[in-house]
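The two complexes that follow have chain A in common; it is paired with chain B in the first and with chain C in the second.
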Partner chain A sequence: MKPGTLSKALKSGAIWGFIVLELIFFSIAGEYLSLSDKAFMDWENMLLLLKQSAPIGIIAMGMTIVMINGNIDLSVGATYAIAAIVLLESMTWPIFAGLGDMVIPVAWLLALLVGTCLGALNGLIVWKTGVDAFIVTLGSMLGFRGIVFMFNGENPTSHLNWTLVDFAEAEFLSLATASWFLLAVTLVIWFVMAKTVHGRNAYAIGDNREAAVNAGIRVGPHMMVNFAIIGFLAALSAVVFYSESGSVNPNDGQLYELWVITAVVLGGTKITGGAGSVIGTFGGVIAIQLLRKGLGHIGADTSTVNLVIGLILIVVLILDRQLNVKGKEELKV
Partner chain B sequence: MATLTKQQIGTVLAKQGILIAFAVFMVAFTLANSKFISVDNLFSVVRSSAILGVMALGVTFVVISGNLDLSVGSMMSFSTIVVLDLHDQIGPALAIPAMFAMTLSLGAFIGFLVGYLRLNSLIVTLGMLSAIHGLTLTYSGGQNMDIADKEGTWFSVFGQGSALGIPVPILIFVALAALLGVVLAKTPFGRKVYAVGGNGTAATFSGIRRARTVFACYIISAFCVATAGLIQASRSLGSQNTVGQGLELEVLAAVILGGASLLGGSGTIFKTVIGVLILGFIQNGLLLIGLQFYVQFVVTWVIIILAVWLDIAAKRGKLLSSIA
Partner chain C sequence: MTDPVLHLDDIVKTFPGVRALDGVSFSVMPGEVHALMGENGAGKSTLMKVLGGIYQPDGGSIHVGKEQVTMSGPLEAKAKGIVFIHQELSLAEELSVAENIYLGELPRKSFGRVDWRKLSDQTNTILQKLNVGFDATTRVGDLSIANQQMVEIARALTVDAKAVIFDEPTASLTDAEKVVLFDVISDLQKEGVGIIYISHRMEEIFKITDRISILRDGQYQGTVNTAETNEEAVTQMMIGRKLDLSRNETHHELGDVALEVRGLSCGKLYQDISFEVRRGEVVGFYGLVGAGRTEIAETLFGLRDPSAGQILLDGEEVRITSPNDAIARGISLVPEDRKGQGLVLGMNCRDNMTLPQVQDLTSGPFVAEGAEVAIFDQYRDRLDIRTPGWKQLVGNLSGGNQQKIVIGKWLSMHPNVLIVDEPTRGIDVGSKSEIHKLLRELAAQGYAVMVISSEMPEVLHVADRIVAMYSGRIMRTFTSDEVTEDSLIQAISGLGGHEAA
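And then the complex of A and B:
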């Protein structure tokens, strides 16, 4: 066995081990502490869990690419809110009045287009100005949120289209629409990252940008595409969620970026870029949702959830450090 | 002195760009509305910027040392809630030092993780953002915190009082800025902070204890946060659990606007103060010319990116990045 193989296996499997631990813990603890008679590992409950993971999960897939690329996107929460408002508003616009239910695909496309453009705008700025993605998206997080308010004032936007609600609440093979979207996005992004040139380039750029440039990869356009993808996915997440709920507040999606980054980091993606996996991120998303649901199941409130997730993130970081081959770091100290 | 070349002018413009932009702003807003430059208005802007400003002073240290602190918003909520709760239980004279001790120990915890264990500061403080928020909610039981006797307490002096006609929050902000400015610019410790952020490896080899320096920066940051929490608590004498939510990013925006690099090693207290004032005056100016408060978000976005872009462009000598 090559050195490092064990630690690598431990790391990539860690998130699934953690999920199993969570399931066991909450099942046992639930027997004694839960107010409801239902078991935690109830089939219905697990399906619901998958559905509830969808909004964060869909965005997290985009964040995985962007972070493997060595960038970060803090503006996803605001993009999410803009897309939601575009979706709900555009269905009431007079120009689309004659379309009947055909307004739905038009509104979807419009919302997705807006999300993609906003993401691409971030990417373009990162590419052309050379300003760090953290700063660019920190700025656009504020800017996009400002646009939401300018668009919408401070009131919620509501529009219920029953055909759309039926679609969003539909179940196929006992999985909800949102779950299907999450699974499909995971599959597509996994394929892109594992099997295509674009995916390999993403790892190469995150690992060593200079080397990637020298190897002839067009780093700028590549990063822009990835930002467009995360913008698209933030919009898709909004579209899926708000089709069902039909009402959006201008502050919706706030702190989503933090939840998403937490899920991606738990899933083993390096914040410095060059390493990470889509499947790991999926595990991270499930682990977080399981924790929220599980703690709720045994009667803990949101404060405990926040506390526990924050501490777990730090513990994961410490463990990750211990498991890493230390050679490179030792030289620095 | 030789004649200035075009590029030198460009460099000067970019280096002092933030001050020039500030001056242009002030003139433009004054022309648009003469009330803008009145003493009352200037005071009210600085007073409302004081809380953000005090936090930004501490974060400047952290950023110069090459790290980030995303937990200052939650930590500020925590200190506000704690001091309000302890005020009624053990009295203000004991509540304030107790709150400072608790906040500083949170800062010490982060400093230990980032400094001594060398963990990534972005993720650590992201985790602490969530954890401290949870801690605050647990502490308060999710309830808003209010002081029982709002009229009869001297505690309100930090947020509402004034001395020599100047509001106390401004005095605290100015005093702390002066103190920390001297510490950063004139003491060996300040030079260590720059050294650690500029090149950690080189600093280590020249005998600077990196871990200890980073640790101290987080302690300073926590101290500033506690001070901001004190001002906030004293100003409102009651508070929600989420009072500081989102402030971490605004604080960071002010620090970046002041020209500190996220890579570490550059930035000054004076420039951070300018960054804070620009944010405050933009907000105020836009309101005065009759725009909604949220327009400032969009304006801030444009300004942050332009400021950092010009800074980088001056360093590399051309406007667009060379990324293919």
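And then the complex of A and C:
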């Protein structure tokens, strides 16, 4: 076996090993600690888990592209809230009154369009100003959230359309609509990153931007497309979730960016860009959701969940660093 | 006479405050290897960036064949048959060899999919021609530096090139790989491709090129036929005067051994290194990039842990675990990358100079500004640093003065052993000799000085003894009296250096 093969195998398989570990732990701990009689590894429970992963998971797929590309997007949570408001509010607009249920696709399209534009706006600023994506999207995170509050103050925006709720609550092959969306998005983004020229260029830019420029890849427009994709996915996530719930609080989606980034990093994407995989991210999303659900199952409260996930993230990053050290002759920092 | 494949006419490029290229014209004939030479900063890279469309020229024109062109970017240059082989490895390490070779123009199928089969077929054909021991799917990060350079070279063979520009292609190649490279070049030549070959290595230039064009300070100095000239004449055109290959004649009174290294090894980086440096002595370390010289310095400075061997300071064995430790024991390292590792460019001269000892310069809870200024004044006078005052930002100083600040910074820590890594990289000729003089003077004052350099005139000029390294090993140690250019070059190329030191 070549040196490095082991650590590589460890790294790519780690997230799935972690998931198995979680399942075992919560199943056993649940026997003693859980207040309910239901087993943790119940089929229904797992299907529910997949559905609950969808909002974070759909955005995480976009974040994977953006992070492999060497950028980051902190504004996804705010974009999510804006898209939700557009979705619910536009259905009540008088100009669409005559459409009946045909207002649904129109509202969906509007929400997705708004999300895509907001993402593209981020990308455009990053491209044209050369300012770090972290700063740009930190600004737009605050700005977009401001827009959400300007719209309806502290009040929730609500509109229930029962046809829409029926669609969102429908199940096909025992998977919920949201789960189907998550799986479809994962498949599409995996295809883009692994099979298409656009995806491979994303890796190249994140890995060695100068080399990409030298090779004639148009880095700016490329990054803008990726920001548009993540904006679209943030909106899609909102569309899927709020079709069912029908009411959006101005605080909704807050901290989503951090959950998403945590999932992507747990899934093995390098923070500096150039490496990562969509399948790994999918694992990261499931692992986080398992942890939240599992800790809830054994009676821990939300603050404990956050503490545990924070600790795990740090441990993962330390392990990753250890596995990446090239041996003893490495330069000390 | 046939038409040139590539012709540059009166190219001008200015940056704020600098005329980087000033009326440069030259042309490349089909089947010709045309060397482009000049010192660092002479404008070679700028010219290549203009040619590649990364910079737009402020004046002049570029002709490919008979057609005048405006390059909008590297892809267009490539489409017009101009291919660049970059000096700095321009590779994405996480991607495969094939993806790197075809970076920017991966073959497509429907829906923007990558045509993997076509990609690997084409790549393997090229790799076969290059006779290398890896295939299209190898991850580039897993290859050695030399093999990565071969990947870079493979890019030249992906298109129907009219002109190929090699920018220092041999910097990290071994001799066997050089032979392959030269074969590739002569194959291209036979196909009527024009080749621009940028290199500092005279022996290569005289071996493979037909004509030589020379730049100095952004100005075109002329083109000569390689067969009708010699190294001396070319050097003279490059630096505007005769190259000073004079040996260091003076020797100071040597003191005790300040630093001794016995059988030092660090994994694959270098093995079995033994040498000693006396007080009052300058020892030059000469070798190619990657020979392990910088890594030795980093080990002595506590940045790397050696895997075997001993380090003795003043005859006493020590273990240096960190830079702090090294400084406390009187070792100072002036690093290779002045701007990245040696200076905080946005800070003023005084603060840069006192940076390592600012913890000790306190009066009560505050920094003792007076003491800092005093230290700065002392070394400004001693090293003749030309700056309007200590408030000047270091980023605004010239390269030579920046380097003096770094040296001053470490001298103010009162070292016994001073290690300087590439002290004159990117510094103009005048300041170079000043730095050289300074290093000699420091030795005369009783410091033990180690100079790591890739420039032969520099080591010949400043060193009392020269340690020649090749691929992590010391090949030979010369005294300044016995060294000749030929023997030195042989030693660092791994040839004929097996005689006892």
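In this section, the second predicted complex is superposed on the first by the 326 of 333 C-alpha atoms of A that agree within 3 Å, B and C clash if a C-alpha of one lies under 4 Å from a C-alpha of the other, contacts with A are read in each partner's own complex, and residues count from 1 in each chain.
Methods note: contacts are C-beta pairs under 8 Å (C-beta built on N, C-alpha and C of every residue); 3 or more make two chains touch, one makes a residue touch a chain.
As the structure is a prediction and not an experimental result, all values here were calculated from the model.
Novice: A:Arg200 in the overlay: touching chain B, chain C, both, or neither? Say first, second, both or neither.
Specialist: In the superposition, A:Arg200 contacts chain C only.
Novice: Is A:Val131 in contact with chain B, with chain C, with both, or with neither (first, second, both, neither)?
Specialist: After superposing on A, A:Val131 lies in contact with chain B but is clear of chain C.
Novice: Using the touch definition from the top, say if A:Leu142 reaches chain B (first), chain C (second), both or neither.
Specialist: first
Novice: Name the contact category of A:Asn214: first (chain B only), second (chain C only), both, or neither.
Specialist: second
Novice: In the overlaid three-chain picture, which partner chain does A:Leu317 touch, first (chain B) or second (chain C), both, or neither?
Specialist: The answer is first: A:Leu317 touches chain B but not chain C.
Novice: In the superposed model, does chain B or chain C contact more residues of chain A?
Specialist: B
Novice: Check whether A:Thr281 is in contact with chain B, with chain C, with both or with neither, and answer first, second, both or neither.
Specialist: neither
Novice: Shared contact residues on chain A for chain B and chain C?
Specialist: Shared contact residues on chain A: 213, 217, 329, 332.
Novice: Going by the contact rule at the top, pick out the chain B residues touching chain A in the complex.
Specialist: 113, 117-120, 122-124, 126-138, 142, 200-201, 204, 245-246, 249-250, 252-253, 256, 262-263, 292, 294-302, 304-305, 308-309, 312-313, 316, 320-324
Novice: Given the complex with chain C, which residues does chain A contribute to the contact?
Specialist: Result: residues 4, 195-198, 200-201, 203-204, 207-208, 210-217, 274-275, 327-332 of chain A touch chain C.
Novice: List the residues on chain A that touch chain B in their complex, please.
Specialist: Its residues touching chain B are 74, 125, 127-132, 134-136, 138-147, 149-150, 213, 217-220, 223, 254-255, 258, 261-262, 265, 271-272, 301-314, 317-318, 321, 329, 332-333.
Novice: Would you mind writing out the residues of chain C in touch with chain A in their complex?
Specialist: 52, 54, 73-76, 78, 84, 86, 88, 90-95, 99-100, 103-106, 108, 111-114, 142, 266-269, 295, 298, 302-305, 307, 322
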